[in-house]
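You will see two complexes here that share chain A, one where it goes with chain B and one where it goes with chain C.
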Partner chain A sequence: MTALLPLTVALPLGAAFVLPLLPRRPRRAGDLLAGLISGALLVLAGLLSGRAGVYEIGGWRAPLGINLALDGFSAPVLLLAATVGLAAVLFSSAHLDTYTGRNRYWALLMLMTAGINGTILSGDIFNRFVFVEIAVISSYILVGFSGRGRALAAAIRYGLLGAAAANFTLLGVAVLYALHGTVNIAHLAGSVPAAGTALPGPEILFAALLMLIGFGYKSAAAPLHIWQPDALAAAPAPVAAFLAGALIPAAGVYALARTLFTVFGPAEAFGWMLLFPGLLSMIFGALAAERRKDPRVFLSYQGICQVGYILTGLGAAMVLAARGEERAAGLAAAGAVFHLLNYGAAAALLFLAGGTAEPPGRPSRWSALAGLAGAGSIAGIPPLGGFFSKLMIVAALWFGGFPLLAAAAAGTAVLAPVSFYRRREEFLPRPAGHAGRTPPAMAAALILLTALVLGLSLAPLPGLRGRLLGPARRAVLDREAYAAYLEPGEGQRP
Partner chain B sequence: MSPVYLLVFVLFLVGVFGLLTRRNLIKLIISVAVIEAAVNLFLVLAGYRQGGIAPIMTEQHPEVEAFAARAVDPFPQAMVLTSIVIGLSLLALMVGISLRLYHIYGTYDLDEIRRAAREEGR
Partner chain C sequence: MKNRSLIVQRVSRWLAPFIFIYGLQVILYGHLSPGGGFPGGVILASAFILILLSRGKEEAGRRLPLSRAGRFDNTGALVFLAVGLLGLVLGGSFLVNFLQRLFPGRPFSLLSSGTIPINNLAIGLKIWGGIFLAVLFLSVLRVGGDPDRGLKTMEEE
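Take a look at the complex of A and B:
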């Protein structure tokens, strides 16, 4: 099965180079190719879900070769990115009629998909840096794709600060290479000593801080969030959905968690490095959202608040793991990964549902209902996934001995439904009565994401817990298991 | 710790300072380029060896062990090449967008551009 891993990068990358060469007519040729590739990627991600293994490119073993690694943490994020990607492509095919340069748009979207998948699977920190750059450079262009002044201004601010943040990541990679002579994640996991409750050495702290700045920017965590509301408000709706639902979760939060947990290992200091921006994003995002008029900016700040929950959960998991409190750490880690998936799916759904009201769309009652499912999950209304993931994070904070943090997280969670209820007229598309008719491709995108949001809500059920949340928890916390991937004969183990 | 590392760090901070204090798009782009140059220098230094030879095997160095003991580390150089390519594409993109913005707003000042763009959004 691991032989399928390189296809997740090769298919969209290949398509990205073919798409600009396609003739302008028939117009649907590019749509068809992009749709086929995204559909194939979703099938691949489905086949790979629940599996683990490593693929060595060209048969070269690390450290000479580079590898792609799949485990309980990367597989669900890959599935999230593939689902959001297919939804974005379906939605775009109906939404793009107002733009020119259709095939170039598809090429950039495919390039971004390749970068995101590579980021999720890459087994070494330098290649991951390159894949992140492939994804974000495409996203800078896509944010400004309309060519309007507002979009270009958002794109250049996002791009300039993003380029600087990328150099922080690269400097972190260089420091780790200078210290340990390898960039392979599994080898680093085996050679960087876990500090536990002690303070890590200054050079390791420095490298971790550089990584935190680099990936924190891509996660849009406060105080490095400044690009995100502008970019999400100015980008075309499907691009905003893809950014919020795949790029931020994968190239930001996932990459940050993988670096701190697997490369650096559990240490209290790193835990607090995550808890500080986490708590700040959570509270600031919720408060700032209150004061914004533009519905997309409101959703963006709510997204910052959700990223805050994820980072708080990860930080708590880190501190508790360093103290050796396995149970509470496991709950926090599972809650954080679960909230990452819930946030990605729900945010993408909300941006797409809002997009049905933009020209040429005439939203029907159903697209408002789909948006409601996304809002319910992000706001944390009980039967939906977002409620359970927030509950898990709050419970882990409480039982882990952070009563104040638990109170802050619970208070913010209680305010969210109020906030969403008061703004319902603005961020939900207003149905155009009987004249309302959502184009079939847009409807398909909304159905796909609604199914993902509702499906994720089932994950905490006792029978299903061991399929998604259990492996995810183990993959986040178990550093030795990741290092063992590269041992001869162990590579293919489930 | 050689003083060269200190200089690299100073260069890095110069770039960060420029990025935080300047508002002109061209100067911001230059600041990013300065940061990038500092990081690339650091990468090359990570593989540097006093009196080392180029990591290319020729007839002059038939002994692999002796060659490996003297050659500089080629891996950081490969990383620098990749990083330069990424930096170049970013630079081209940023300059392109800046020119478009200048055509629209007649200024390179990022604050003025954002203010004008916000007015437009209303």
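Take a look at the complex of A and C:
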């Protein structure tokens, strides 16, 4: 089954280069191609979920060749990105009529998809950097795609700062290569010593800080969040959904977690490096959201708050793993990965539901209901997934010996439903009564994401826990298993 | 086009073809000597960038029109991808050198190394078009200028 791995990158990449060559008429040819590719990617991600393995490109073993790696952490993120991607494509096909340059839009969206999938699967840090850049450079242009002043300003700011942040990641890659002579993640996991409770060497600390800044910018963690509210508010609705639901979780948070946990290994210092921006984003995002009028900016700041939860969970997992407290670390890691999935699905759903009200849309009652499911999950209302993931993070903080952090996280979590309830009229699309009608493609996108949000809510059930959260926890924390990837004869192990 | 030195225009006109041929050589011998598709493509593009700098974007756009450079860019990427997928189908893994077994050739001769020269050509084509387009766009986008008008006049020509 791992033979399918390169297709997740090759299919959208191929589509991105075929699309500009398509004739302008029939106008729907580009829509059809993008839809088929995204559908195929969702099927691929479904087939690959729950599996693990390494794919060596061209049959060359590392370090000569490069590889793609699938495990319990990358498989669910790949599924999230594929679902959000298909929803964004479906929604775009009904939303795009207000824009010109349809096939260019599709080409950029496909390029971004290829970059995101490559980021998730890449088995070495240099190729991950390249894939992240493919994804974000396409996203710069897509944010400004409407060509209006506000969108262009947001895109230029996002792009300029993003180019600066990319240099941090690249320098971090260079430092690691200079120190260890390899960029392969499994080889680095085998050769970078885990510092544990001791302070890592200055050169490793420097490299980790560079990576934190580079990927922290892409995950929109405070204080590196300044591009995110503008970009999400000005981008076309499906692009905002794709950004919040796939790019930020994959190219930001996932890449950061993978780098710190697998490449650098557990160390208390790295844990605090994650806890600081995590706590800051969590509290700042929740407070800043209160004061914003624009509903999309409100949702963006709430997104920063959720990224804060994920980073807090990851930071706690790292500190606890470094101290050897396996159980609490496992709970924190599982909670963080679960919240990453919940946040991605719910944020994408909220942006798309809000997008149904944009001209010339006349939203029906059902799109408001779909938006409500997303808001419920982000706000952490009990039967939905967001509640359980926040609960897991708070519980891990409490049992891991961080009572103050647990109180802060719990307090923010209690405030979120209040905040969402007060703003319900603004961010939910107002139904147009009997005249309301959502185009079928938009409705399909909303149904797909609502199903994902509701499906994720089932993941903590005892029978299903071992399918998603157990492997994810092991993949985040078990560095030796990842390093053993490349041992001869054990290529398929983790 | 005004205020351009005659010497610069003349010399660049003589140099450009040699730069172009050197770029082709770097691409074609990429599997045998240092070089390959990427540096060769950049050298090919630099021949046109020299024309752009010395004789203006109108002249460069006439030598390599916008639409053709875009097609080079797309075709190169697609050929590379096709070779990769053929490797998946025929050799069992993405980018496997499936031609090597069929036509081994004499080692260190021009016609050897299977799919590598094809990939070099594809990358060269893509980089040639891509780098030229990037520089062309930079020359069109000026502070205070109207980017749309600049591009439209080029497409009309």
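Keep in mind that, in the parts below, the second predicted complex is superposed on the first by the 492 of 494 C-alpha atoms of A that agree within 3 Å, B and C clash if a C-alpha of one lies under 4 Å from a C-alpha of the other, contacts with A are read in each partner's own complex, and residues count from 1 in each chain.
Heads up, the rule we're going with is that contacts are C-beta pairs under 8 Å (C-beta built on N, C-alpha and C of every residue); 3 or more make two chains touch, one makes a residue touch a chain.
If you're wondering where the values come from, they're calculated on a predicted model, not measured in any experiment.
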item	value
Partner chain in contact with A:Phe17 - chain B first, chain C second, else both or neither	second
Partner chain(s) touched by A:Gly374 [first = chain B, second = chain C, both, neither]	neither
First (chain B), second (chain C), both or neither touched by A:Tyr140	first
Contact breadth on chain A, by residue count: chain C or chain B	B
Which superposed partner A:Leu171 touches (first chain B, second chain C, both, neither)	first
Residue ranges of chain A touching chain B (in the complex, touch as defined)	126, 130, 133, 137, 140-141, 144, 147-150, 152-157, 159-161, 163-164, 166-167, 170-171, 173-174, 177-178, 294
Footprint of chain A on chain B - complex, ascending	12, 15-16, 19, 25, 28-29, 31-32, 35-36, 38-39, 42-43, 46, 75-76, 79, 82-83, 86-87, 89-90, 93-94, 97-98, 100-101, 104-105, 110, 113-114, 116-118, 120-121
In the complex, chain C residues that touch chain A	70-71, 74, 77-78, 81, 84-85, 87-88, 91-97
List of chain A residues in touch with chain C within their complex	3, 6-7, 10, 13-14, 17-18, 20-21, 55-59
